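Letters are used for the chains, namely A, B, C and D, taken in the order the chains are written, and counting of residues starts over at 1 for each.
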Amino acid sequence: MPEKSIASFDVKRLEILDEEGNADKTLMPGLSGGEIKHIYEMMLLSRAFDERALQLQREGRLGTYASIRGQEAAQVASAFAAEKTDWIFPSFRETGVQITMGYPLYMLFQYWSGDERGMKCPGGLNVFPVCVPVGTHLPHAAGAAMAMKIRGEKKAALAYFGDGATSKGDFHEAFNLAGVFRAPAVFICQNNQWAISVPLSRQTAAGTLAQKALAYGFTGLQVDGNDVFAVYKAAKEAIEKAKSGGGPSFIECFTYRLSDHTTADDSTRYRPAQEVEEWKGRDPVKRLRLYMEKEGLLDGEFQKQTEEQAEKAIDEAYHKMEEIGPPPANDMFAYTFEKPSPGEAQQMREFLG
Amino acid sequence: MPEKSIASFDVKRLEILDEEGNADKTLMPGLSGGEIKHIYEMMLLSRAFDERALQLQREGRLGTYASIRGQEAAQVASAFAAEKTDWIFPSFRETGVQITMGYPLYMLFQYWSGDERGMKCPGGLNVFPVCVPVGTHLPHAAGAAMAMKIRGEKKAALAYFGDGATSKGDFHEAFNLAGVFRAPAVFICQNNQWAISVPLSRQTAAGTLAQKALAYGFTGLQVDGNDVFAVYKAAKEAIEKAKSGGGPSFIECFTYRLSDHTTADDSTRYRPAQEVEEWKGRDPVKRLRLYMEKEGLLDGEFQKQTEEQAEKAIDEAYHKMEEIGPPPANDMFAYTFEKPSPGEAQQMREFLG
Amino acid sequence: MAAVNMVQALNMALRQEMEKDPSVVILGEDVGRDGGVFRVTEGLFEKFGGERIMDTPLSETGIVGAAIGMSACGLLPVVEIQFMGFIYGAFDQIVNHAARLRSRSRGRFTCPLVIRTPYGAGIKALEIHSESTEALFAHIQGLKVAVPSGPYVAKGLLLSAIRDPDPVIFLEPARLYRMIKEDVPEEQYTIPLGRARKAREGKAVTLISWGSMLQRTMKAANGFDADVIDLMSLSPWDAEMVLSSVRKTGRAVIVQEAPKTCGFASEVAATIAEDAIAYLRGPVLRVAAYDVVLPFSKLEDYYMPGIERIKNKIEEAMRY
Amino acid sequence: MAAVNMVQALNMALRQEMEKDPSVVILGEDVGRDGGVFRVTEGLFEKFGGERIMDTPLSETGIVGAAIGMSACGLLPVVEIQFMGFIYGAFDQIVNHAARLRSRSRGRFTCPLVIRTPYGAGIKALEIHSESTEALFAHIQGLKVAVPSGPYVAKGLLLSAIRDPDPVIFLEPARLYRMIKEDVPEEQYTIPLGRARKAREGKAVTLISWGSMLQRTMKAANGFDADVIDLMSLSPWDAEMVLSSVRKTGRAVIVQEAPKTCGFASEVAATIAEDAIAYLRGPVLRVAAYDVVLPFSKLEDYYMPGIERIKNKIEEAMRY
């Protein structure tokens, strides 16, 4: 009885669109020209929102903000693969996902300005509030997916998180539960290679994050996270698999955070400038634009129009937030419980004086 | 650019000694006859202690007790591979490990009778107290191993735990840290296929536990946990690898819990009798005895003598515990802090009246 | 109406509510085929099947976290944590998520979940099986905390907890599980969260307690003209009943099983000292466990507040 | 002697102790090359290298759990948890292990570790970055809890914490990090754990506070003949100083940043009500945050106890 092999695994990576905008036709997902245009519009809108948020933060009009620059493909293309009624569990760096799902822009501004009303997801959408403690929303996604299965609803739960989140116990317990219960969950990691100042090599000794799914009995796939088509295809297949009873999937979108961690961070303290430069060359937006140009889906006019629309939508959203103004102070008493406890009610009376 | 393979893994299983007591010579670890006899003695002593503890519990002389029956090979052979000064982090079901490390038997009786003095590990040994919250000791082992590396001590940290523990976030975070810091840790799971009433298939969707190590960039090996030689060999190699800077290892000992979960449990409520019967046939003690008989290492005399010695040692230990008696009540004030706080001191005075 | 113990009363509440409301699901370790290590969920797996009675992996973060997700999606999960000592693995989920989801989402998503767990000393269990850290949960805004003191209260309180639109930590004194039997109606009835009850009427001293200490307090109260209050809920809690009793008696003794410092008794005492001090004849006294790490079972009896200690404190109060 | 802020004072304490004692190591997220998100460990990575200043994965359970293992094996780990709101991931390790290892092993293994974490509101941060749940830790037997109120205290208290043979939760009010400068000697000095200090002497009312509320309490005290006590340690805490002050003044106002129910102020009030009631002229008053989920930054200023609210309570106390 020699040492014998009892299991073997292969971890795969999917790439479709290269840096010059050439797509591998054999692998292309079924996306119409209109759909591709829509993805592109969402990417531009996300980027424009991101830039505006950074600017507003610098002007002291928003609080700390986490930029998504460089991660637009991973966010937009995966969210585009979802249906409106799927459940979305974002981390704090998911502007592109929220926008693509149709989350109102002015509410995102509210959120980043420190107003919880921005997290009151509108009816018809199931986008959970931003999760600040890293990785702790993954069990919610597992549970939501379990609930979908129990209730017989054909919906998937999509959880978004970073490479740093894969080190948390919550990641482990959520993946394990989803595996055991074959829950319709899709776990989407944006491996942007940094968790604030901690590089991937300090986050894990594993060669890929995708292989972490092996521990839970389902598959993990790495995709080029700056490649809209690879991301879309992987997400679409995973969502369909989830909805048809095939259980959970894990997608590692290999990408890069082009900005500082947040506006409170200075990444030049810990990150080689050259690495950032290299990844700027792999810009996911540019890559899709090149493809669309080649395919005749985009010209200067469309580009200009899309940019203008984005700016306009953002202007309107910001003004709407400003018009609404800050929440009334006694709002803080209204949501601790459905009905305020006697103590809370008394404190509110004291507060109102 | 098709979907390409970026990593592949093979999970192995090691078996050396079969159920009839035949060993694969090509795989045999270097163990002298004397060493094999010692392992056997420790197995018999562990089993005898286990039986006595169960009996004493039934008589109301010990508290709840967790039997190790069926897991003696996994415990004794792995602990035998360690040096006295290695650090051992046991769960609550590790009598065989403690005994093999030379932990005083009377102190084990103290522990199981509800007296913390039993967990005051004697000098010269580094056996941590029993860890009751499942899996939560694994980070301690990772940290101890990191400390060994920092302090330049050539010691390994061995952590023992069950299949259920692999579902805890603590498992994940400990494995990940050990991987990242290439810490000299050896993680030894006794996969006895049940976590109280929860079968392995409900614990994880993964086909093996060994493959969970892939998530952390080090190797996991499954061994026949009822095979002393396979367990010893795997543990010995892992400990040596750890001490020579090779980083952590994970060993899954595939075994079976022959008894109830603890004396508070009734496993007939949830476990098929036939499964238990099958595994009784794979008794690790019997298997080693058959081997030793064939090799001329054991005869009726040696068997009888070993059994008698074990009973004698256990009698003495139990009497010693009884002689020592229960701890003085004010002992509860002595170990909250090194020096009692003023409040504690005052409460002690009140208590003493 | 039958005389049943607390395990049976809880089991009845769960069974009845699951029959009535298909959204109610149970998850936890060993809650299914095994019926729970204390048998509170006995028979439910057979009756409702594995989709509604879910044996989970050993995974407190995952269990509570998943229950949060479920509760936000229309289920009413009742989680069992096997012993309170193991709830800390889920503490982050409880504190940062269950307690805050309603506030964070301005009511769009809520957590109508219940976390049941046996707690408290006196059952000679292994380490980490005997703590009573209810005060930790009472300090977390957005959580409700309920503690039954006997079978009748247990059933009515658990039904309220399951139907409550917010997360409830439901602490079951393990020592009481099979200790007392009471007549518990087969019909459903509720005991509102946030309200205390008078376990006994009296005029000379107010005794305040909850959970397993209530029994001992009642015994210690013999021979005194004591108003005994069973808080039943610690968050929100019925300060009104306590204050009006103290205003009547002028004396207060609070009895808790937990160590003294920062226990819930401190909150009760502080509230009395803030809102009823003019009525007090003497100090507000606390009976509590010592401020030490809870000892293993051999010394457990010395650690827990006993009837004698409670009596002595009542006598001390009566000296003013 | 230079005027430095609290970040610098803490940095000085860490650097000096690491120079003096090779067993001291630091671990946490971003403590290395980045110098910590608040820069408390700035320059230490460059000076002491990656083996003693360990950037870890994002893993609170793992970090604290590993530190427990390290501390049992002869190191003196100082852990940084990036914000107090993320400490709950490590709560099980802290409560079930760090606090109990000495007791469980009858002193054979101990946990001389420090867990540093910024805490408290007032910095307009994202959600979960502003809590002050010190009371949770003060209720856990076997933990020490220290809270500096300024640069000078910070340095001396941190040195005591590192040298203490037991686990210390060291809470750094983030609002104060760069708010005040004080003269802090370059030499090492210690401020003992478990002791309070008089921040001001007075005869008419005792004001008790700690951490970032101390500043506001001092400002509110202007115009009153107030004895102001800075607790500095919450576990163990200096009940003696509080009681003797209250016996002198007959009035007590306790100011905490945390929500009222079951906060540490309740413990202080309960202790006064138990041991100094005969000296009181009126109620023991608490100023605290409201019992609500801590709001996002836009409403933070309404939530935190401000100078006006403290003043009003002092006036209320003075009416008796």
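FYI, a residue touches a chain if its C-beta (ideal position, glycine included) is under 8 Å from a C-beta of that chain, and two chains touch if they have at least 3 such contacts.
Note that the structure is a prediction, hence the values are computed from the model and not measured.
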**Prompt:** If you walk from chain to touching chain, how few steps can bring you from chain A to chain C?
**Reply:** 1
**Message:** Measuring between Cα centroids, which chain is at the maximum distance from chain C?
**Reply:** A
**Request:** Would you kindly tell me how far, in whole Å, the mean C-alpha position of chain D lies from that of chain B?
**Result:** 40
**Asked** What whole-number Å value describes the gap between the mean CA coordinates of chain C and chain D?
**Response** 30
**Item:** Whole-Å gap between the CA centroids of chain A and chain B
**Value:** 43
**Prompt:** chain A to chain D: how many Å between their CA centres?
**Reply:** 36
**Item:** For chain C, residues that touch 2 or more chains besides their own
**Value:** 56-57, 59, 61-62, 85, 88-89, 92, 96, 103-104, 127-128, 141-142, 235, 261, 291-293, 295
**Request:** Give the residues of chain A that touch two or more other chains, as numbers and ranges in rising order.
**Result:** 116, 132-133, 136, 167-170, 173, 176, 180, 202-204, 335-336, 341, 343-344
**Asked** Think of each chain as a node with edges to the chains it touches; is that a line, ring, star, complete or other?
**Response** complete
**Request:** Give every residue of chain D touching chain C within the complex, in rising order.
**Result:** 85-86, 88-89, 91-92, 95-96, 99-100, 103-104, 127-128, 133, 135-136, 138-142, 235, 258-259, 261-267, 269-275, 277-278, 280, 282-286, 291-295
**Request:** Could you pull out which chain C residues touch chain B in their complex?
**Result:** 29-30, 32-35, 37, 55-62, 85-86, 88-89, 124-129, 260-261, 290-293, 295-300, 302-303
**Message:** Applying the document's contact rule, which stretches of chain B touch chain D when the two form their complex?
**Reply:** 87, 89, 116-117, 119-121, 128-129, 132-133, 136-148, 150-151, 157, 169-170, 173-174, 176-177, 180-181, 335-338, 341-344
**Message:** Looking at the complex, which residues from chain D come into contact with chain B?
**Reply:** 25, 51-52, 54, 56-57, 59, 61-75, 77, 92-93, 96-97, 101-110, 141-142, 144, 165-166, 194, 235-236, 239-240
**Asked** If you look only at chain B, which of its residues touch chain C in the complex?
**Response** 63-64, 92, 113-116, 130, 132-136, 164-165, 167-170, 195-198, 202-204, 264-265, 269-270, 326-327, 329, 331-333, 335-336, 341, 343-344, 347-348, 351
